[in-house]
Amino acid sequence: MKTNFLNLQLNSPLVLASGILGLTASSMKRVVDNSCGAVTTKSFNLEARKGHPNPSIVPFEHGLLNAVGLSNPGAEEAIKEIERFKQVSDAPVFASIFGRTIDEYGKVAEIAVKAKPHLIEVNVSCPNVRSEFGTPFGDVPEDTAAITRLVKQVAGDIPVSIKLGPHGPGIARMAKVCEENGADAITAINTVGPGMLIDINVQKPVLSNKTGGVSGPAILPIAVKSVYEVYKNVSIPIIGTGGVTHWQDAVQMILAGASLVSLGTAVYYEGIDVFNKINMGIQTYLEKFGYESIEDFRGGAH
Amino acid sequence: MKTNFLNLQLNSPLVLASGILGLTASSMKRVVDNSCGAVTTKSFNLEARKGHPNPSIVPFEHGLLNAVGLSNPGAEEAIKEIERFKQVSDAPVFASIFGRTIDEYGKVAEIAVKAKPHLIEVNVSCPNVRSEFGTPFGDVPEDTAAITRLVKQVAGDIPVSIKLGPHGPGIARMAKVCEENGADAITAINTVGPGMLIDINVQKPVLSNKTGGVSGPAILPIAVKSVYEVYKNVSIPIIGTGGVTHWQDAVQMILAGASLVSLGTAVYYEGIDVFNKINMGIQTYLEKFGYESIEDFRGGAH
Amino acid sequence: MQTFPIQKIVEHGPGVKSFYFEQTFEALPGQFVNLWIPGVDEKPFSISCEQNGLTEISVKAYGPFTQELMKKKVGERLGLRGPFGHGFSLKENSLLIGGGIGIAPLRRLAQELSDLGMRFVSLLGAATEHELIFKSHFQEISTCYFYTDDGSFGEKGLVTEHLLQIIQDEKIEYIYAAGPEIMFVKVKELIDPLSIPYEFCMERYMKCGIGICGQCVLDDSGVRLCVEGPVLNQDDLKGVTELGKVHRNATGRRE
Amino acid sequence: MQTFPIQKIVEHGPGVKSFYFEQTFEALPGQFVNLWIPGVDEKPFSISCEQNGLTEISVKAYGPFTQELMKKKVGERLGLRGPFGHGFSLKENSLLIGGGIGIAPLRRLAQELSDLGMRFVSLLGAATEHELIFKSHFQEISTCYFYTDDGSFGEKGLVTEHLLQIIQDEKIEYIYAAGPEIMFVKVKELIDPLSIPYEFCMERYMKCGIGICGQCVLDDSGVRLCVEGPVLNQDDLKGVTELGKVHRNATGRRE
């Protein structure tokens, strides 16, 4: 299912979301071999980070709770994986970056650019590092504007997508701020919450970080709503993310206005094969309605 | 399971959440007959409101999406039901009030006081009426402060709980604002999101209001985390609400710091009998650990 | 919420139609579904028949929603949630009293009683002939008494006219009724002294259909019509003080 | 996450203990669980035995986590998630090569092979006698060769010392190994020319245990050790370029 996105050609509208199997070229390659259209790296910043101790990812009945804490090997290591990936695959790779300060976003982008990723995704919305960095930058319009401008400046002709969360002063408003400051796309959404689960026998929070972002089926309605509102408010394309597990969920995202749909937690529920399954489901949907491509129904719920 | 809360005596720490079966004395009575400790009325304001057209409440796999739109018969009618209820039951009844303006909160509270409810719960956090009223008052510290002071002034010796949502500038911070302005308790949380679900065949949002608040099992981690953070930040008691379906969930809430636990969507999943079931589960837990009352483990996860 | 294309539409007469959908669940007689017209509203409707793999719903044009429904064509999709509620019990030697569109749930009941070989008698009334929907169907499987307001079919008058006589003549041991609330009040007045057990299939304004909004709760019993109803028996009705009186509108206010 | 009280603790010698929990799942030989010490951390451990309704885990004190574990008492609760991963296949005439705490997963394998009446030979090595855990158990059910670094039990030296000889003498047709990575490298070097099929039970730093974080993925195969492993066979290992070399630490950096 060929899909165009900005200046890119993808073999499927499905993308591997940041933080899922995106640490190494070899695992990203494996996902592409399973019909994923493009891959996003785990978010990286300047220096290596160990992240939070385990348990850092725990399933509950309706999704996952995670507080990985943005562990990553640092930008210089991360771009080596991007370069390796580009040697073994033609699929677009999106570099996900973050910084602990606004300036750091610029510095990390500078390093990322060296590997010539097909898109830079700017994570301003991770809820797990709130306590360390204060409010996520993505909740503050001025910070998000500044980061967008800074990364765009460094990125040259590499397109930039800003990854927003459903919290803060309203995702539609924040998306507009990004668009006005030069963003080429919006990724919506990051994890929701944060949340906490307590073990009633040991009477302690289960995550070592106590709180963590909620992903998976539980958050699908919030993601669909976010994409819908962003689509109404901006004209740049959207990478819809959050709770997509079955092909019907992906279709909802596209009807809400997503140009690409990215999957994270679904890999846990359905295995790496989930990309194949969802592609096939979307294909059936196209045939049933006589559509030629997903563009024929994108935003159709408005 | 006798429980003390503020100056009240309850037969169970379980409360019927606002908006669930709280429209009439007869249905609130029925819930109390099923071992619920106290009941909260549907939120009411000055004038009768029809709310949004149907579908206004739709189940999805992991909870409910609702945009009832705060339909209510108006304060004067609503207090008649409170009065009727007090004639037929000894269980405490909490009057849930809201207003379209800050002033209206005061006026509605004046009417509510006439029925002498055992507590006034101030709903500043309904996400479903955002588009009509702008940002929920509960997201704006100054507004929440003003509403708290106003209602407290009118309420006399009736205790006042402010019902907060997980959004906005941080529930722990908002809870502090409420405490500083005289609130006697915090109810946490209201529905989450809002969210949206799209029917992929008719290609339209399912809720007539398009978006609606998410409740039920999907939001339990967010509710537990909210109660936990509020407990850390204030010393007034908390009515924990959100996603509690099984007794283990209620125990999590109490370990996080809740003094009472209120149930809404669980009535859909488990029937009205859910209050009995959860009471029994908590009782077993008390026995297993040799606790005399829930006070022995309240906040135990901190 | 699932949506289904309309498979077939039958017009019984001006403003009365049946809509057929692929049957995806089995409903007990008296159970209802919530029917969603996308972009318009969602309202409860009794299932009037399950046959040949189709679920049938029968509707009388009344206000804005049902008028919108009348415009729908075969192939258009409607949302269908359910089946909801608690249906009729199944008793021998019963009398089915239907008024107007209240005949719809009784048809499903008649179908079931007949399939089980249980004897029943039908007493059906409506404003005019074409609103006596399914009359030939009832005639095929039971003794029938018909009434119309305008005398266009059967006797002119109300179903309650000779009710006591019919009960006696037909040796009726159980009564089912569905129709306007005023009919229930009259029927109840007449039969309460006989101590024949009965069940009414009632209607109230509904929001959720799943027992949580409280919109359909009956004073003073606390019965949720969408869960414990819509069919209530004489015992359920003992606690109901609002029969034929004011009940709650969309705001929850009595009117 | 579920937590379970420790039912029993057996000390094999200084710094090596087995912990027993009520058995709530059935694991295949080679599968592992994530063990959570509340407030500390969570790490992967092989299941060393399932018997008498108990699940056994055997641990060697190494770093902060395992040292903390050594302090735990019967009755204290630990979190247990799993079983995770893909276990050993079960083959006749096999050789089980275990190094140090790597003996743990082999014990579960030996149990299974023995229950199925399949012949196998055990070749176990460790630093010193008490780290040759379960040696009497292995002796009861198989021919055994033991090695220790200090010569305190069995021969002094490494398990690879007379490997080729043992394979020949015992007519070995399949090889299982679990132990330090350096042992795999040596074993592989020795047996690759023989083209005897083999399976290694490997270890990598793990975060999620459920195949999504990417932490345990092996270069260049893309194999996730927590899902497709921890047991890999000679074909799986063909694509693995990092055996015995640098691999990823908690940050994901190679070291």
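A, B, C and D are the chain letters, set down in written order, and residue numbers restart from 1 in every chain.
The working rule: contacts are C-beta pairs under 8 Å (C-beta built on N, C-alpha and C of every residue); 3 or more make two chains touch, one makes a residue touch a chain.
Source: prediction; values computed, not measured.
Asks: If you apply the touch rule, which chains end up adjacent to both chain B and chain D?
Replies: Chains that touch both chain B and chain D, as defined above, are A.
Asks: For chain D, which other chain has the most distant CA centre?
Replies: Between chain D and the rest, the longest centre separation is with C.
Asks: Would you mind pulling out the distance in Å between where the CA atoms of chain C average out and where those of chain D do?
Replies: Using C-alpha averages as centres, the distance is 68 Å.
Asks: Mind checking the centre-to-centre distance between chain B and chain C? Centres are C-alpha means, answer in whole Å.
Replies: 36
Asks: Could you please state the distance in Å, as a whole number, between where the Cα atoms of chain A are centred and where those of chain C are centred?
Replies: 51
Asks: List, in ascending order, every residue of chain C touching at least 2 other chains.
Replies: Touching at least two other chains: none.
Asks: Which residues belonging to chain A are in contact with no fewer than two other chains?
Replies: Where chain A meets two or more other chains at a single residue, that happens at 197, 204.
Asks: How would one label the connectivity among the chains shown: line, ring, star, complete, or other?
Replies: Topology of touching chains reads as a line.
Asks: All pairs of touching chains, please: list them by chain label.
Replies: A-B, A-D, B-C
Asks: Where on chain B does chain A make contact in their complex?
Replies: It comes out as residues 60-63, 65, 166-167, 192-198, 200, 203-205, 210-211, 214, 217-222, 224-225, 228, 248, 251-252, 255-256, 285, 297, 300-301.
Asks: If we count contacts the way the header does, which residues on chain B are in touch with chain C in the complex?
Replies: These residues of chain B touch chain C: 19-27, 29-30, 33, 42, 48-51, 53-59, 64, 68, 71-74, 77, 197, 199, 201-202, 204, 206, 208, 264-265, 267-268, 271-272.
Asks: Quick check: in the complex, which residue numbers of chain C touch chain B?
Replies: Within the complex, chain C contacts chain B at residues 1, 3, 34, 36, 38-43, 77, 79, 81, 207-208, 210-215, 217-222, 224, 248-254.
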